[in-house]
Amino acid sequence: MSIAEGLASKWISVSEPTPHVLHVELCRKPVNAFSAEFWREYSALFDRITREGRDVRAVVLSSTLPKLFTAGIDMGDLSAVQNPEAPDAARASLSNFHFITEFQSAIGAVERCRFPVIAAIHGTVIGLGLDIVAACDIRYGADNAQFTIKEVDAGLAADIGILGYLPKITGNHSLARELAYTSRIFTAQEALHLGFLSKVVPGGQSEVIKAALDLACVIAQKSPLAVSGTKRIMTHARDHSVQENLEYTALWNSSALQTNASCFSPAPVIILIFPSSKDV
Amino acid sequence: MSIAEGLASKWISVSEPTPHVLHVELCRKPVNAFSAEFWREYSALFDRITREGRDVRAVVLSSTLPKLFTAGIDMGDLSAVQNPEAPDAARASLSNFHFITEFQSAIGAVERCRFPVIAAIHGTVIGLGLDIVAACDIRYGADNAQFTIKEVDAGLAADIGILGYLPKITGNHSLARELAYTSRIFTAQEALHLGFLSKVVPGGQSEVIKAALDLACVIAQKSPLAVSGTKRIMTHARDHSVQENLEYTALWNSSALQTNASCFSPAPVIILIFPSSKDV
Amino acid sequence: MSIAEGLASKWISVSEPTPHVLHVELCRKPVNAFSAEFWREYSALFDRITREGRDVRAVVLSSTLPKLFTAGIDMGDLSAVQNPEAPDAARASLSNFHFITEFQSAIGAVERCRFPVIAAIHGTVIGLGLDIVAACDIRYGADNAQFTIKEVDAGLAADIGILGYLPKITGNHSLARELAYTSRIFTAQEALHLGFLSKVVPGGQSEVIKAALDLACVIAQKSPLAVSGTKRIMTHARDHSVQENLEYTALWNSSALQTNASCFSPAPVIILIFPSSKDV
Amino acid sequence: MSIAEGLASKWISVSEPTPHVLHVELCRKPVNAFSAEFWREYSALFDRITREGRDVRAVVLSSTLPKLFTAGIDMGDLSAVQNPEAPDAARASLSNFHFITEFQSAIGAVERCRFPVIAAIHGTVIGLGLDIVAACDIRYGADNAQFTIKEVDAGLAADIGILGYLPKITGNHSLARELAYTSRIFTAQEALHLGFLSKVVPGGQSEVIKAALDLACVIAQKSPLAVSGTKRIMTHARDHSVQENLEYTALWNSSALQTNASCFSPAPVIILIFPSSKDV
Amino acid sequence: MSIAEGLASKWISVSEPTPHVLHVELCRKPVNAFSAEFWREYSALFDRITREGRDVRAVVLSSTLPKLFTAGIDMGDLSAVQNPEAPDAARASLSNFHFITEFQSAIGAVERCRFPVIAAIHGTVIGLGLDIVAACDIRYGADNAQFTIKEVDAGLAADIGILGYLPKITGNHSLARELAYTSRIFTAQEALHLGFLSKVVPGGQSEVIKAALDLACVIAQKSPLAVSGTKRIMTHARDHSVQENLEYTALWNSSALQTNASCFSPAPVIILIFPSSKDV
Amino acid sequence: MSIAEGLASKWISVSEPTPHVLHVELCRKPVNAFSAEFWREYSALFDRITREGRDVRAVVLSSTLPKLFTAGIDMGDLSAVQNPEAPDAARASLSNFHFITEFQSAIGAVERCRFPVIAAIHGTVIGLGLDIVAACDIRYGADNAQFTIKEVDAGLAADIGILGYLPKITGNHSLARELAYTSRIFTAQEALHLGFLSKVVPGGQSEVIKAALDLACVIAQKSPLAVSGTKRIMTHARDHSVQENLEYTALWNSSALQTNASCFSPAPVIILIFPSSKDV
């Protein structure tokens, strides 16, 4: 049975192009607009994989639409948030608070996974799309990828994570703020310079997906114990001091060292670590 | 009445070149050396704008001097700090501590503002000049901009913020430390590579100011509610974990969602978010 | 007497090519594999310099081997860690925990030093080698430098610090994770783009060492009080908020201001800070 | 329809003795031993109330057993955790880690609720029982209540929260450590001195439940907006600095002030805040 | 000239009963209700003493009213906060946020002082009164002192600090929450048990003021350098880890050790530290 | 061979009154004044036990002097710190900073141990004595124990930890500050109320030592794996949020669960956890 079995839903298709690698595709026409139903599906997918313990070792996330990754939130659906029936502004705020918190948690599902998630991005990414790819481990973009932190044009600060993630995962406050304050479009090349993308792939949708799947394939050949530990430790590092992270790492590895997984790919290790002296 | 009305002081000129955009210019000849009187004026300006609630939506900060932004601290004035009359080294230290803390707080005034501050930099920036521009939201540099963290040459660690800001807003510890340990001059191009500048503008003083004002103009057309929330959330993100920042964002937006500001620039939103299906 | 006097040990040579500058060279043939004895020597060297208060102002760390910096951990030696005699997995973990913690602390010795340590890197750097250079203040690489975070190939998450340091000192999570999950080799140029290196030096071993020694020389001419304060404040900045770092800096400098060291290099300060008005 | 409708499960009975107050009773004979099924039920109950938005304003948690609150974990069931089939100790640890994390999250469900949970304790509380009551907002104990942090007698550190909660919610490290290192029994009076209980009620099971229900009743008459805000802010305070908590509070109340709830109990406010001058 | 000279204002009287000790009395009849004007005066007083560097070594804060300390916020005045003219709930929230933040900062003025502030409490303390005394260093209460965290009765979570301070300065979460959720009155004895008061003084207004002044007198005879350092370090300890606090202390004392203040009270030191051996 | 073998030094006697329990006695006449040589011995003792892996399960720390625990720092020795030969105040401060840091680390040695340390206190404890006992896990005091935070009388803020520890391990800021600002003597009873002591033992030196040894004996019969995990987790809890501590605990126990130590004291567990139903 494929590990993708039964995971697809209305607007998300899931396949297993290579063993232990899932390809998750967003496919809500015309623009992958995210209604509450859509992001609940999205979250449920990733949380379910973790809960069921399927042997997934890497995921590629992309869009089936030819011209864009996602246009962001489905504004029609969002109007439901405005709580016309709340008896006062205080209660409306409380209701909004719980709604936003749930929404953030849904988009953050990929961070909770034990395996890396690689965003393969082509076309335009708007608003919520940036929150979605920012929470992924790695971002590859096609030549034609372009991005806009659109929320200020709607009179709002972006609220599902990009404002926190963007400076934290790129280190560049000056450019991140410029992009967030203006909502101007930035290209794949600028995203590469910024560090938001780790690679720009020549070509479009199919090329970037292929590159991301190749990367996923490499990762899937590593010990999942090693990769999931690495993911967890690096996520922890983002939010803690070096000293705290070192202790966390030591605790994590104190038992992880007791694995047989080192037989996973023994040859290259031996070759690289003990080159014969004449090679050196 | 212009929102710049009455804000100018001895060494700071203030104008409103575009509605809701202030141009703040440092103009103490010959080198914009910062005496205590100067930085108290600087701080008072920004804190006053906030306190009076003037409808400022973006500020461009630059120098009127043809060849440099600022040479840093007025060393003659600083000698007053050395407290010859303090009865012992302990009391001298305590006095220094309160002096430095007040100085830091003055230079940090732009961070407390509700609107973005864009530094438009030309010529040489020395010592304190780096602390000043580092506390700004966005930095643009002219081709001829160059920088030196000069304090080690005075036998001191820089103390008004650059050592903390530089690695935090660029993410690059190796280069930031090299520059801070050696006080070597670095150019606009190197600052761009480092991420300290988000743009290098071909030309000099007038060109970089024009580019910064254009950027300010774009920002001033956004909802000030959205921009000031964005600024606050990104500043918070720098100093907290992703999880803490998400909750902060949710709290902030729980009431910010109850705005009418989305009517601010409705057309582009609708176009970008719901492109007609044939465009996609 | 040279400040290098008596510091060399079995696999580490130490010289003083310029006054107050130490050159520390790793020289365990064939591949600088780190056994426990080796990293204990390494740690003892740096901790001893600090404890004895030798007037060291900068250190260059490099390898004497023609083709590589280090191949990482001596896997034969590591097998001793596996604690076959531990009565159960819990006690084996506890023993591992204390072992890893001691190991981390040894490699972190350079961070505890009061002077900067510059890694001059040529050839291949594998596994533990990345932890070692990441803990240094500044990294220079020769053209032929290349890196691989090798641990996932051994079925493990890297545990001596690179997973925490890499994103923290470069700001780039997407690329750092890609490299850590795949163990793919990355070149000096990519390391420069990432910010892991602050300079790529054309040439090989001797060229990169020369460039690093030149840098060390510049640093050694600054006030050691100023440089060591700068180092400590920037390390603190990495792990604390801007506000906490500002207070730390103010405390540090409240007494550091009471130095005579400003007579250290007075001429350039005066020239740069008070250029004659006609120069400006 | 009662807000308790449909909430009971195999080992948990739920009633609504007073409007908006739930009485949750643990009733697994003979000793309320917690199997995984039991604590999953427990967590599901509290998370469901929150998710469904039932208008619960306070909960009293107690035991139906005459002689004890709970004996803690069902050790028979726990043996399932020992993962005899895990291929190595590393994978067994990873599996344990996810199990413990889920278990902690289940017991922490009461902390996530928007309403206070009051533990009404009689008889003996062993092991996990302390984790359960520590996560509650308020603890009342009958005269005959007694406690033992039993885990060290099983060769383990307690792992579902008591070691973190106990010093944090009482402030007393010396006594908390003495109790945790020795597993000695401590009485209701000692728990009161320690601050673990806020009241010792003369009598037994029925008396302590009555006192807790009376307290719940008082709370249920307050504005639920005010009480849930208070809970959230106090939980935040436990884990953040005063300064961070003040900003959190200001954000929370910036919209909460826009409530009509002040008409909730207007009379006492006016009387207390503006006593006629002759009364004062 | 008395150090109290010119410090009094409309509703605050200030005297210097003993050298270097200020007695600050709240005297707004009938109930010391705090309008915005009142708390701005309060804040201005403490910030001015610090700014002017008056040689104040301890302050006692009390009320001149016979029956109460303060009834809290002047609700009539607060209605101004409700921003009827704000164009929408989002802007009303933003305005509230800035108002609350300013209010918190005003009440926190005593924490920023370099000298201890002792609250001498008699009669009833309501609402804001708890925020005010919680920010003080030390609290003494008369027999008749009683307290109520009144805000839930107004449909609000308390917002000027008590919810954060109360558990942090007493360590007792169970009782602190009970008091905050119910607004029930608690007595001086209960406050002593809780740790909110450090002494209950038999008698009323004059007795508690006398006891507090006696304590202030003892403090005023110590080196102000020592006391202000102690205050700052203990405030820092509340909000940081032990390790961070130790480093902060070491930095603080590295220069404080270079004082002549040890001649301040030399005799008792020598006597206590080197008792003659026959005394021991 | 006794585990105490060879551990005694000039002013510290070490015995093993019960298997796995060490009794460490301070015995420098006439007043246990701590010179640098003394506290280096003290630190070396505890660090050596840990490094050598001796099977110590609990330590009792006391004084052999009839009338006091310790009078604190040896002031004659401290004068060496004043660095008369430092060329300026800045360098004197740096030297002091490193001295204080080393001193703090020495006194903190007991916190780094894997076993609990119980302070058995009789007579007077002055200055440094409070730092020493505060770093212990548990404090028992004889009736005649009395304490004074003496440093303000020497014109200094206490600098080896008590100002941080005292509020953190008791939760009571009002009383802790009163004691630190005034240096007034407080008795064993007041220390018990404060939570600084967990027990006051009727009698004097021999009675409190006996009570502490009895406690140590109980602890020594538990699994050392369980006790040392408990210690580490509780120390971590003091300095981190509940959520961080829970994850730390889960990591710690994920491998600790794989122990055979549960056979350590099986009988009482079974009896307490599964009482026969008729007993309940």
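Just so it is clear, A, B, C, D, E and F label the chains in written order, and each chain counts residues from 1 on its own.
Criterion: contacts are C-beta pairs under 8 Å (C-beta built on N, C-alpha and C of every residue); 3 or more make two chains touch, one makes a residue touch a chain.
None of the values given here were measured: they were computed from a predicted structure.
Asks: Could you tell me the least number of steps, going only between chains that touch, from subunit D to subunit F?
Replies: 1
Asks: Just going by residue numbers, which of D-F, B-F or B-E has an interface where over half the contact pairs are the same as at A-D?
Replies: That interface is repeated by B-E.
Asks: What whole-Å value do you get for the distance between subunit E and subunit F if each is reduced to the mean of its CA atoms?
Replies: The mean C-alpha positions of subunit E and subunit F differ by 32 Å.
Asks: Starting from the mean Cα coordinates of subunit B and subunit D, work out the distance between those two points in Å.
Replies: Their C-alpha centroids are separated by 47 Å.
Asks: Which parts of subunit A, given as residue numbers and ranges, touch two or more other chains?
Replies: Subunit A, residues with two or more chain partners: 89, 92-94, 168, 170-172, 195, 225, 238, 251-252, 254-261.
Asks: Can the chain contact pattern be summarised as a line, a ring, a star, a complete graph, or none of these (other)?
Replies: Contact pattern: complete, every chain touching every other.
Asks: Provide the residue numbers of subunit F that touch subunit E in the complex, in ascending order.
Replies: 29-31, 33, 65-68, 71-73, 75, 81-82, 89, 92-94, 96-97, 100-101, 104, 108, 126-127, 148, 150-159, 161, 163-168, 170-178, 180-184, 195, 238-240
Asks: So in the complex, which bits of subunit D are touching subunit C?
Replies: 89, 92-93
Asks: Which residues of subunit F touch subunit C once you look at their complex with the stated criterion?
Replies: Spelled out, the residues of subunit F in touch with subunit C are 87-94, 225, 228, 255-261.
Asks: In the complex formed with subunit D, which residues of subunit F make contact?
Replies: Interface residues on the subunit F side: 116, 137-139, 168-172, 195-199, 215, 218-219, 222-223, 225-227, 229-231, 233-234, 236-238, 241-243, 245-247, 249-265, 268-269, 272-275, 277, 279-280.
Asks: Could you list, by residue number, the parts of subunit C that touch subunit E in their complex?
Replies: 248, 251-252, 254-255, 258
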